[in-house]
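First chain A sits with chain B, and in the next complex the same chain sits with chain C.
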Partner chain A sequence: MVARFLANSALADTAAAWARDFRLLAPVREGQAVVYRAWAKDMHPFLGRPPTCSAKEALLPQTENLLTYTYRKDQADLTRTEVFVAEPLPPEPTLLLGARPCDARGRKLLDRVFLERGVEDPLYAAKRRNTLFVTVACERMENTCFCHWTGGGPTSEEGSDVLLFAVGADGGGYVAKALTPEGERLLDKLPEASRAAQEELAAKLASPPSQAVPGPAPDLSAAPERFLKLFGNMDFWMDESARCLSCGVCTYLCPACSCFNITDENSGMKGKRLRTWDTCMSALYTLEGSGHNPRVSRAHRLRNRVGHKFCYHPQEFPKDAGAQPEFSCTGCGRCIKSCPVSVDIRRVVLDLMEKGDAS
Partner chain B sequence: MSLNPYLPSLATIIETFDETPDVKTFRVVLKDEAAMRAFRFEPGQVAQLSVFGTGESTFVICSPPTRMDFLQFSVMRVGELTHRLHTLKEGDPIGLRGPLGNHFDYESMKGKDIVFIGGGLGLAPLRTLLLFMLDNRADYGNITLIYGGRTPEHLCFKGELAEWAARGDMRVELTVDNPDKSWSHRVGVVPAVLTDLAVSPENAVAVTCGPPIMIRFTIQALEKLGFTDEQIVTTLERRMKCGVGLCGRCNIGGKFVCVDGPVFTQAQLKELPQEF
Partner chain C sequence: MAADADDRVLQLRAAVKAELANVDFVLGYAKGFDPLHATPVTVRTEADADRLIFDATCVQNLATSLYGLNGKRIGLVVKGCDSRSLIQLMQEKLLERSQLVIFGLPCDGVLDLAKIRVKADIAAIHGAEISGDEVRLLLPEGTKTLPRRDVLADKCLRCRYPNPLVADHLIGQERTPQGAEDTYADLDGFEKLSPQERFDFWKRQMSRCIRCYACRNACPLCVCKHVCLADSRDPHWLSAEATLQEKWLFQVMHALHLAGRCTECGECQRSCPMGIPILLLKRKMNRELKEVFNYEAGVDPEAVPPLHTFLMEEDKIKDRGQLW
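This part shows the complex of A and B:
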C-alpha cells in the first residue's frame, strides 16, 4: 500500500472534502478541552494532543433516539387515546478524524458488548458498519498514558482505517497509512509521501524517544483472580475509593465504558425515548424503587468499575491460556487525567495485584 | 417481533383491579391479534412495560403460558413509572417488550414435590409457575404454598388463595406478621412457618421469592431442613433498563440478572461474587 502525505497546510481542505461524503467529526479546541464537533465551515481541526473526550461519541452518542411516539385521540371514540411508535432513521456515513490508537482499540471493546455479547444492538451495528476512523499515532506517551499495559501502544493499528504519523519533512504534516480498503479510498486524492518523509518516519519508529513509553508494563494476567480474592475486602475498597466523589467523569470519558440509561422526554402529545450514557459510579444507577440499593457506597461502585474492566470482561471474553487477558480498558488514561480527586486506576490495579497476592 | 430489541409491541389494558392498597393487577393483550396468538413465553420470564412519556420498567408475567387469553402483571406502586401505570384504565394503550430473561426449569422439577415460599408481591412469579403446574398437575408431586405478608390486607391474589386451599390437590399455609380480628391462619414470619412445618427435602424443590430479608432467612431455614443448594430456586430483582444484557446495571459479577436470570438456583448464586 502506498504511503500518502497529508500536509498540515492541506488538512482543512482535505477534511472539508471528506465532509462532503461523510458526517465528519473532527477535534477542535474549546477552552482547555479538545472535543469532537460535527464539521462546519472554517473549522480548524486540532490534532496536536489527544482529545479530552473519547471517540465513542461516534458509535455510542451521549444522547440518541431509540424511538419516537405520538399519542392521538381515537376519532371514532374520543374518550380513548391511541399511541403510535416510530423507529429512528438510519445513521449517516460518518468519519471520525483525530482519534488516538487507544480510542480505535475502544471500538473493539464496544463491539464486544453491542455485537458479540448476545443480542446485537441495531443502532450501534448500523453506526459501526458505516463509521471510519482516521487516527493519529502518538509521538509520545503522556504521564497518564498506559496503553502498553492493556495490549496497545502509541502506534497500534487495531481498529483504525487510516493511521497518521506526524513528520517534519516537506513543511510538516502526516504520513498517512491506509489500513482498510475504505481507508485507502479516503486517501486516493493525496500525494504520495516523499522519500524524506518516509525515511523520517522509519527512523522515528525504529528508535522512539526514550520518554515515549513511561516504564515497562506490569504483568496483569492474574488481575481477575486477584480481584475476586479481594472482592469481599471492604476495607480495601473503602481505602481505594475514599476520595471518589461519584462524579462519573471516568466513565463518561472512557472509550470502553458502554453503560447507558433509557428515559422518555415528553413534549405535549409526543416525545422521544432516549438512550444516554450512564455511569456505574452513581448511586442512582442501581437504586431500586423499593429504596434497596445493591451498591450503596462509593466503595461498592468503584469495585464494580474496576471489576468489570479487569475481571468480568476478561472472564466473559477469555483468551487462550498464557495470553494476556483482554481488559475492558485501553489505557488511554482519560479517567486519570480528568478525575477531580486524582483517583488513579493504575494504582488500584497495582494494589489489587499486590494485596490480592498476600492472602 | 421487530429485530430492534428496544422497540415495544403496542398493547392494550383489558382489565385492572386492586390486589392490596399499593398493588394493582393489569391484564394486557397485544394490539396485533396475530402477534398475541404467536406470543410464547416460559414461566418466570419477565417483560418491560412502557408508558410512553414516562418510561419503562420490568415486571414478571404472572399468568402462565397455559392461559393465554391475556398477559397478567401485578405492579406495586413505588416509583415514577408505577405511579403512572396505576393511573391507567381499561382500554389504555401501553408498550410491551418481551419475553425477557430465563425461566423456571420446570422440566427438571417433574415428579418432585414442590414447595413455594412467597412473601408479599413475591408471590407473583411463583403464581406463574404454580398455575402452570396446576395445569399440568399429573407431572408433579405434592405442591405446598407457604405465603406471608405484613397484614391480611397486604396479601396478593386473595381470591385465588382460598380457591387453591379448597382444591384438595395442594396445601396452602398462610401467615401474617400483624393479624386483624378476622384472621384465622398463622401468625409469624414465613421462615418460622417453614421451620414449623418441617418440610421434607426428600425429592423436593423449594421455589422462593419475596423481599431480600425474607429470602435470606428462608434460605437459612431451608438449609437447616436439609435442602441442598441445587434444591433451592429463587428469582431476583434488579434495576433494569434494556432487559437484553447491554445497559450494564443489573450485573452481579459477570452475570446479568436480565439475561442470565432472573431465575437462579442457590448453587448458581453461590458461584457469583456476593453482591446482593
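This part shows the complex of A and C:
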C-alpha cells in the first residue's frame, strides 16, 4: 500500500470530507480535557495529546438506548395493559479520529467480551462492523504509559484502520498508513507521502520512542497465578486500596473495561430501556436485592478490577504455553493519570508479582 | 526552608513511629508515580513510616479516607485546610476525636497540576525541585522554572489557616497566614455574566462530565457515599442516562447538601478527570452562608453549623411577620 500524506493544514478539510460519509468523532480541547466530539463546522481536531477519555465511547457508549416502550390501557377492559416496544435505529457508519494505539487495541479486548464468548451482542456487533479507527501513533511515552507491558507499543498497528505518524517534513503533518481496505479508501484522496517524509518516518521508526521514562517491561507471565495466591490475603488488598475513593474514573476512562448496567427509565406510561457504563469500583455494583454485598469493601473491589484484568481474562482467553498472557489492559495509563489519589495499577501488579511469589 | 522541610519529614516519621503502637494504622503521604504526584499511604510498620513525605505535592485531603473506618483508631497526617474537614465532621458527630491521632503539618501551599499543565507539558517529567519561591521542572526538553506562586492551588493563595486547627502532634514551625479575607473575586466576575451566559457556561462544562462521581467520593463531607440519592433507584431522582440534565441535577444537589459544611478543600474540582470547575458552585453557597449567617465551616469545633439549627429570629433574614 502507498503511504499517503495528511498535511496539518489539510487536517480540518479532510476531517470535514470524512464527516460527509461518517458520523465523525474527533478529539477537541475543552479546558484541561481532550474529548471526542461529533464533528461540527469550524471544529479543530486536536491530535497532540492522547485524549482524556478512551475511544470505547464509539463502540460502547456511556448511554445506549436498547428500546423504548409505551404502555396503553385497553379502553374496553381497563384491567388490561398493552405494551408497545420500538427498537432503536441501526448505528450510523462511524469514524473515530485521533485514538492512540492503546485505544485501538482496546477494540480487540472489547470484541472478546461482546463477540467471542459464544453469544454475540448484536448492538455491539453492529457498531463494531461499521466503525473505523484512524489512529495516531505515539511519539513518546508518558510517565503513566505502559503499553509495552501488555503486548502493545507506541506504534502498534493492532485494531486500527489507518495509522498516522507525525512528521515535520513538507510543512508538517502525518504520514498515513492504511492497514485495512476500508482504511485505504479513506486515504484515496490524499497525496502520496514525499520521499523526505517517508525517510523521516523510517528514521523515527528505526529509533522508537524511549521507554526509559516508564521503565522496561517486567515479565508478567506468572501474574494470574500470583493473583490467585494472594486472593484471600485481605491485608494485602486493604493496603493497596486504603486510599481508593471508589469512584469510577479508572473504569470509565479504561479502553478495555466493558461492564454495563441495564435499567428501565420510566416516565409515566412510557420509558426507555438503557444500557449504561457500570463500574466495579462502586459498592452498588455487587449489591444484591437482599441487601447482602459480596464485595463489601474497597479492598474487595480493587481486587476485582486487578483480578479481572490480570487473572480472569487471561484464564478465559488462554494463549499458547510460553506466550505472554493476554491481559484485559492495554497499558494506556488513564486509570493512573486521572486517579485523584494516584492509585497505580502497575504498582499493584508488581506488588502481586513480588508478594505472591513469597507467600 | 529546605532544611526545615527535611527536618520536618524526619520529625513526622519519628512521631508516627512513636504512635504506631497506639493506632491501627496511620494515613499519610508517600511518593507517587512521578515527581509531581504524591499518593496516600497506609503506615503499619516502621519501614512504612520511612516512606512518608510532606511537601507541595501532598494535595489530597486524607480526611476523605476516614469514611468506612469507624471503630478503628487512626493516625492522620493533615494540612491546615484538611484539619477543617475534621472539625466539620466532628461537629456533625460523624467522627470521634478520640478515634484519631492527628499529625498536623503547617503548610506552605500545594501545587495545582492543572495550572502547571497550562505552562508546561509534564506528562513525561522526570524531576521536580520545589523551593520557597520557585518550582523547577525537569522535563525531557530541558529545565523549566516557574514562580511558585503561579502554580499554587487557588485555595492556598487565599489560605488563612495554614496551621492545623486541631492536632495531637504539631510538626514544624507554624506559618504566618498569607491570605486575606476571601473577596470571592472569581465569583463576582462570573456573576457579572447574564443568566443565559452562565447557564451556557455550565452546559458546556457539564457536557463532558462522565458521571464517575470522583467529585462526590473525593469530598470529605459527602458522607452518604454509595447511598447517595444520585444512585438511588427508589426514590428515583436521577436516571442512569448520561444527559446534561442528570449531570447538572447532581451537581446542584452536591452544592446544596454542602451549604454551610463545605470547607473549600477543593478536592471535588481537583479530582474531576474532565477539569470541570465545580468548586465555583460550592463557593457560591459559602458566600451566601457567610453573608447571611456570618459562618465559616470547619473553624470552630464548638460552633453549630447554621443549617443544623435555627433561631426564632435571624439577624439577616427579614421577618415576614406572623403568617398565621
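Rule of thumb we're sticking to: the second predicted complex is superposed on the first by the 350 of 359 C-alpha atoms of A that agree within 3 Å, B and C clash if a C-alpha of one lies under 4 Å from a C-alpha of the other, contacts with A are read in each partner's own complex, and residues count from 1 in each chain.
Throughout what follows, a contact is a pair of C-beta atoms (placed from the backbone, for glycine too) under 8 Å apart; a residue touches a chain by one contact, two chains touch by 3 or more.
If you're wondering where the values come from, they're calculated on a predicted model, not measured in any experiment.
Peer 1: In the superposition on chain A, see if there is space for chain B and chain C together, and answer fit or clash.
Peer 2: fit
Peer 1: Between the C-alpha centres of chain B and chain C, what angle is found at the C-alpha centre of chain A, to the nearest 10 degrees?
Peer 2: So the C-alpha centres give an angle of 90 degrees.
Peer 1: Return first, second, both or neither, reflecting whether A:Asp13 touches chain B, chain C, both chains, or no partner chain.
Peer 2: Neither partner.
Peer 1: I'd like to know which partner A:Glu354 touches here: chain B for first, chain C for second, both or neither.
Peer 2: After superposition on chain A, A:Glu354 lies in contact with neither partner.
Peer 1: Pick one for A:Asn261: touches chain B only (first), chain C only (second), both, or neither.
Peer 2: In the superposition, A:Asn261 touches chain B and chain C alike.
Peer 1: Once the shared chain is lined up, is A:Glu92 touching chain B (first), chain C (second), both, or neither of them?
Peer 2: A:Glu92: touches no partner chain.
Peer 1: Which of the two partners, first being chain B and second being chain C, lies in contact with A:Cys53: first, second, both, or neither?
Peer 2: Once the two structures are laid over each other on A, A:Cys53 reaches chain C alone.
Peer 1: Report for A:Cys280: first if it touches chain B alone, second if chain C alone, otherwise both or neither.
Peer 2: Only chain B is touched by A:Cys280; chain C is not.
Peer 1: Just chain B (first), just chain C (second), both, or neither: which does A:Arg298 touch?
Peer 2: In the superposition, A:Arg298 contacts chain C only.
Peer 1: For the combined overlay, can you note the least CA distance between chain B and chain C, rounded to whole Å?
Peer 2: 6 Å.
Peer 1: Please identify the positions on chain A that touch both chain B and chain C, taking each partner from its own complex.
Peer 2: 261, 263, 266, 287
Peer 1: Over in the complex, which chain A residues touch chain B? Could you list them?
Peer 2: 66-67, 69, 71, 80-83, 85, 87, 113-114, 117-119, 121-123, 228, 231-232, 258-264, 266, 271, 273, 275, 278, 280, 285-290, 292, 294-295, 300, 304, 307-308, 311-312, 315-316
Peer 1: For the complex, give me every residue of chain B touching chain A.
Peer 2: 2-8, 10, 52-57, 76, 78-79, 82, 91-93, 95, 211-212, 237-239, 241-242, 244-249, 251-254, 259, 273-276
Peer 1: So in the complex, which bits of chain A are touching chain C?
Peer 2: Interface residues on chain A, with respect to chain C: 30-33, 35, 49, 52-53, 62-63, 140-144, 213, 238-239, 242-243, 245-249, 252-253, 261, 263, 265-266, 272, 274, 276, 279, 282-284, 287, 297-298, 336-338, 340-344, 346-347.
Peer 1: Over in the complex, which chain C residues touch chain A? Could you list them?
Peer 2: 25, 27, 32-34, 37-42, 44, 60, 64-65, 68, 114, 117, 123-126, 140, 204-205, 208, 210-214, 216-218, 225-226, 231, 233, 236, 239-243, 267, 270-271, 273-277
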